[in-house]
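Got some structures for you, see below.
What follows is a pair of complexes built around chain A, which joins chain B in one and chain C in the other.
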Partner chain A sequence: MTMPAVQGYMYPNERELAWSILIVIYPYITGLVAGAFILASLERVFHVEAVKPTYRLALLTALAFLLVAPLPLQLHLGHPERSIEMYLTPHRTSAMAMFGFVYLWYLMAVLVLEIWLDFRADIVRAALAERGWRRWFYRVLTLGSYNISPRALAIDERAGYIVTVVGIPSALLLHGYVGFIFGSVKANPWWSSPLMPVVFIFSAMVSGIAAVLLIYMFTSWRRRCPIDMRCLDSIARYLLYTFLIDFSLEMLDLVHRIYEADESFRSLDFMLHTKLYLSQVVIQIYIGTLVPLALLALTQIVSLGVRHRKRIYALAASLALVGIFAMRWNVVIGGQLFSKSFLGYTTYKIGFVTREGLLPAIVLMLLPIPILWVLVKLLPPWPADTAAGASAAS
Partner chain B sequence: MKPFGEAGHLLRVALVYALGVALFLIVRAILVPHSFGEFGYYRGRAIAQVAALPMHFAGHQACRSCHADVVALKRSGVHAGLHCEACHGPQAAHVANPAAVRPVLPRVATLCIRCHAYNPARPHSFPQIVVKQHDPGGLACNTCHQPHSPLQGFGKKT
Partner chain C sequence: MNITRRHLLLLFPAAAMSWESLQAGAPEQAPNYQMYKHWWGMLLDISKCIGCGNCVRACAAENNVPEGYFRTWVERYRVRDEDMPYPQVDSPDGGMHGFPALPAEPGVKEFFVPKMCNHCADSPCTQVCPVGATFITPDGVVLVDKEYCLGCRYCVQACPYGCRFFNPSTRTADKCTLCYHRITKGLTTACCEACPTGARQLADLKNPNDPIHAFMRTHSVQVLKPYLATGAKDFYYDLDGAVR
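Now for the complex of A and B:
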């Protein structure tokens, strides 16, 4: 008996994919959050002064994406009204059920707190200067404290430093946890690997750094402000370093699988050469990894002008984002295309205007952009001198 | 004098967080049923509530008291391991009042193929048919097979 979209032997419960494109974009979005935060922490904890112009922007980017991160899960699972249950009756033996606490910790104990501490002086000034609803909004955010004396701000700086130090392992936990969810599925040889959380963390850093680099370039262009090339060069250099580590880890995983050649190898190898060839080999490895790596390496080897460097960075960052998305796709979708019998393969047929279709996935991927726009309007992340320059230019 | 001096705003944010935690604990105390976790990861009172629901299945022992011949025939064939209500549905109401509640005979055209239509996930030793090949004329299964002893008359173990 033949079944459409199925080749060879599939167990009945393997024919339809349980995890859809929404589960692809969930780790992609959390990766952007973790990566953006780690870029921000470079300035605060590791004192990389060059990336300072992107520090606040990276924090707001992380928040905008973090607010959207649970939505693909809500849409996938249905019954969003039940999501509160995981807080009310926590299930400590389930990694998935503990997501709520990982998320809440990262959102409230790290990101919101750090943003509040860092923007507090601006919030107080806005609460005193603004009129109408904006005044009330900022007054609520001040929590009734208008103390922005140098001593108070120094305390904020110190507290912010501590929050960031706590935030780095939290960011790694947030995304390492997502990798752990896949890496701990022992029945699936495509996923089951202790390297998975580490690969997820480094790929998260790549995507987050690339996203902040592009957002910084775009916002500078929109505000008609000159791009700080020292900052951009530094971000690009960190992008190259993290990308090299990420690629090395992925290749280590690949070489390990090839050399080990366990009972799943022939099946997975066949899949890599057929169903996943375009998304994994062409898009993820060639276009999404090797090309941006070569482009970024080129800027380190050859002395190029500002204009060329900008274009190369923008292209490399865009390709890196495509490559990391392809990586998420290949992990989530690829891991469900083969049978546990290793004798058959199924096909992922994506809907369009369905609950887990392409349209909601696109909307969810774009949703952080208007959220970031609102956040930037409410809490301008630009240094005062460039903001003044922007208003003078406009 | 400001409480906590220059760090007073940190006290305020700590209070906001503490209020959030307190609110959560209050909401949790209201929403989580008191018997949750009494026996395991579920509401303890659910057991009593489920136990109080009306019974629908009578159990195969009840069938034997009136239908001993059918039960004996079934026991001699390959369907010996199946309980009557697996095919005939829940019959507690019939057992309680045999004259008033008459069981509806199952539709063999759909009932048998639930288990015997070919499915690659089933063991090869399990009797399976491709319906269109096995019965191109659309005959009901019990035209040839005795449902309580399906191989009776086929020269095999019944």
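Now for the complex of A and C:
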């Protein structure tokens, strides 16, 4: 077998990375889910009317990504056919085992339930108006309830509110837990930090908000609908605020490490200046954080026209998505590039058409987009449309 | 048919012979091994290790360890007296074929450190396994159930000593079993048996007659990375502060 290039001394079993790019995209996707949901909940729980045009779109985005989230894990497992054992015989002290239940809770008890309650009236109308297989599809989705009287809808609204209130801590738990999976590994000083879950939550919110902002702009452009600038300005403002908190936390972590300078410091410092310089310093901190922060701050300080604001928002959101992806990369891959002996460094060689290579990673990253497209076709999230109306128009 | 005394006298030797042949095909009988009576660990005497690599070869042969991965390995440390925190370490092929001699340098000490699973009493790898495929036996050996392991590799990340690897042929986590198939039959591990200097000694901490007790009373022993509080049971004698 060929072994990756090693500098200094690695324990011999450490030279090959145990976790690949698939484990990078898994927290990235989960973060998009949590962030999109938290943005959606702003409207419902905190009554931020301005973000209402994106409310349903954010929910469907969250679902599209959440459906894909377990796939990179499955592909990574040595024995995916045994993964059901995590539910049947979970090991209670394992953060990973408990994550399975958090995921299932979030998918079924929060997201699917909330989407169903919110779209129920549309589903019933479509079930009555459609023909052919679509009629059957919507009839199944009604779960046998055709009551869309004002009283029934008021109950839906109330129930949806409760689900969202439960959903916010659930979304925080979902991604905070992903952070805990890394943060609780005491063997690895690059991961082991109580700040990890908090950093993961805020970075998730940044990526989720940025993704919804871009999807909203893109779908408005595709549908040739004017963009609600009050909505876009609000989302961009929230992006700026969460990004500032996220960046402060990450810098706090970094400053703490530099100042404490424990036994791992020399290793981590070396990596930051060499192997992780491009992905962490250049892409994550400069291009993926400081530039979008400056752009977003600019829109708050200087009064700009609509066209300029749109362009700046789109650029800042795109860079934020790149920056958060780089952050996941630096955590997962960066955390395995140095030896736990702190005496050496290895390299990560990524395959292309291999089980854990670049191609499956790209496919999995793109997969939520067609899923979202299908979801949007089946359950149009636009306020003016209904499922029946949209299909009649097409 | 009536069985007479004459018939019986003829039948007995025949029955005895067939019983003997049946016995020959039966598996080796384990002694009356009782797990709760043992608590296994290892004593590693750095002053005795000569870096011959016999242990690494014996382990690989005994346990069918895939090439490029190690259930045990030997490290060579070269420590400059004024630069103890940053030693030079190498382990070509895990020390399997010994070490090429290096010229002696003034102010540099050289020694070998055998490494293997610490069979921690509070092992992080056992803690993180999502299905409990990794477990500690009542006699203190950390094992992996290959029929149950998902191959998620969380345990590989959690081991602070780098003792675990992902076996590409079974697609599960793999590690030292402390030759469980041997020690439960009263034998020692393959690495201990192959060590020409006695640098490795299997130790039963529950056995009051095990020489480890006398040794630990009269010598300074240390475990690796004690600050991680894993309850490591590989006890090192003559461990230098430079060793990680």
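Following the convention adopted for this analysis, the second predicted complex is superposed on the first by the 379 of 394 C-alpha atoms of A that agree within 3 Å, B and C clash if a C-alpha of one lies under 4 Å from a C-alpha of the other, contacts with A are read in each partner's own complex, and residues count from 1 in each chain.
Quick note on the criterion: contacts are C-beta pairs under 8 Å (C-beta built on N, C-alpha and C of every residue); 3 or more make two chains touch, one makes a residue touch a chain.
Just so it is clear, the model here is predicted, and its values are computed rather than measured.
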{"item": "Combined model on chain A: chain C and chain B, fit or clash", "value": "clash"}
{"item": "Partner chain(s) touched by A:M86 [first = chain B, second = chain C, both, neither]", "value": "second"}
{"item": "Chain touching more of chain A, residue-wise (chain B, chain C)", "value": "C"}
{"item": "Partner chain in contact with A:S145 - chain B first, chain C second, else both or neither", "value": "first"}
{"item": "Which of chain B and chain C A:G100 touches, first, second, both or neither", "value": "second"}
{"item": "Which superposed partner A:F338 touches (first chain B, second chain C, both, neither)", "value": "neither"}
{"item": "First, second, both or neither for A:Y11, with chain B first and chain C second", "value": "both"}
{"item": "Touched partner set for A:W329, first chain B, second chain C, both or neither", "value": "neither"}
{"item": "Chain B versus chain C as contact partner of A:F200, first or second or both or neither", "value": "neither"}
{"item": "When the two complexes are fitted on chain A, the stretch of chain C hitting chain B, from 94-102, 130-138, 148-156 or 202-210", "value": "94-102"}
{"item": "Residues on chain A lying within both footprints (that of chain B and that of chain C)", "value": "1, 9, 11-12, 89, 91"}
{"item": "Touch list for chain B against partner chain A, complex", "value": "2, 6-10, 12-13, 16-17, 20, 24, 27-28, 31-32, 36-37, 41, 118-121, 130"}
{"item": "Sites on chain C touched by chain A in the complex", "value": "67-70, 73, 75, 85-91, 94, 115, 124, 127-132, 148-154, 156-166, 170-172, 228, 244"}
{"item": "In the complex, chain A residues that touch chain B", "value": "1, 9, 11-12, 84, 87-89, 91, 108, 113, 116, 120, 142-145, 147, 149, 151-152, 155-156, 159"}
{"item": "Chain A - residues contacting chain C, complex", "value": "1, 3, 9-14, 16, 18-19, 73, 76-80, 82-83, 85-86, 89-91, 93-97, 100, 181, 185-188, 263, 266, 336, 339-343"}
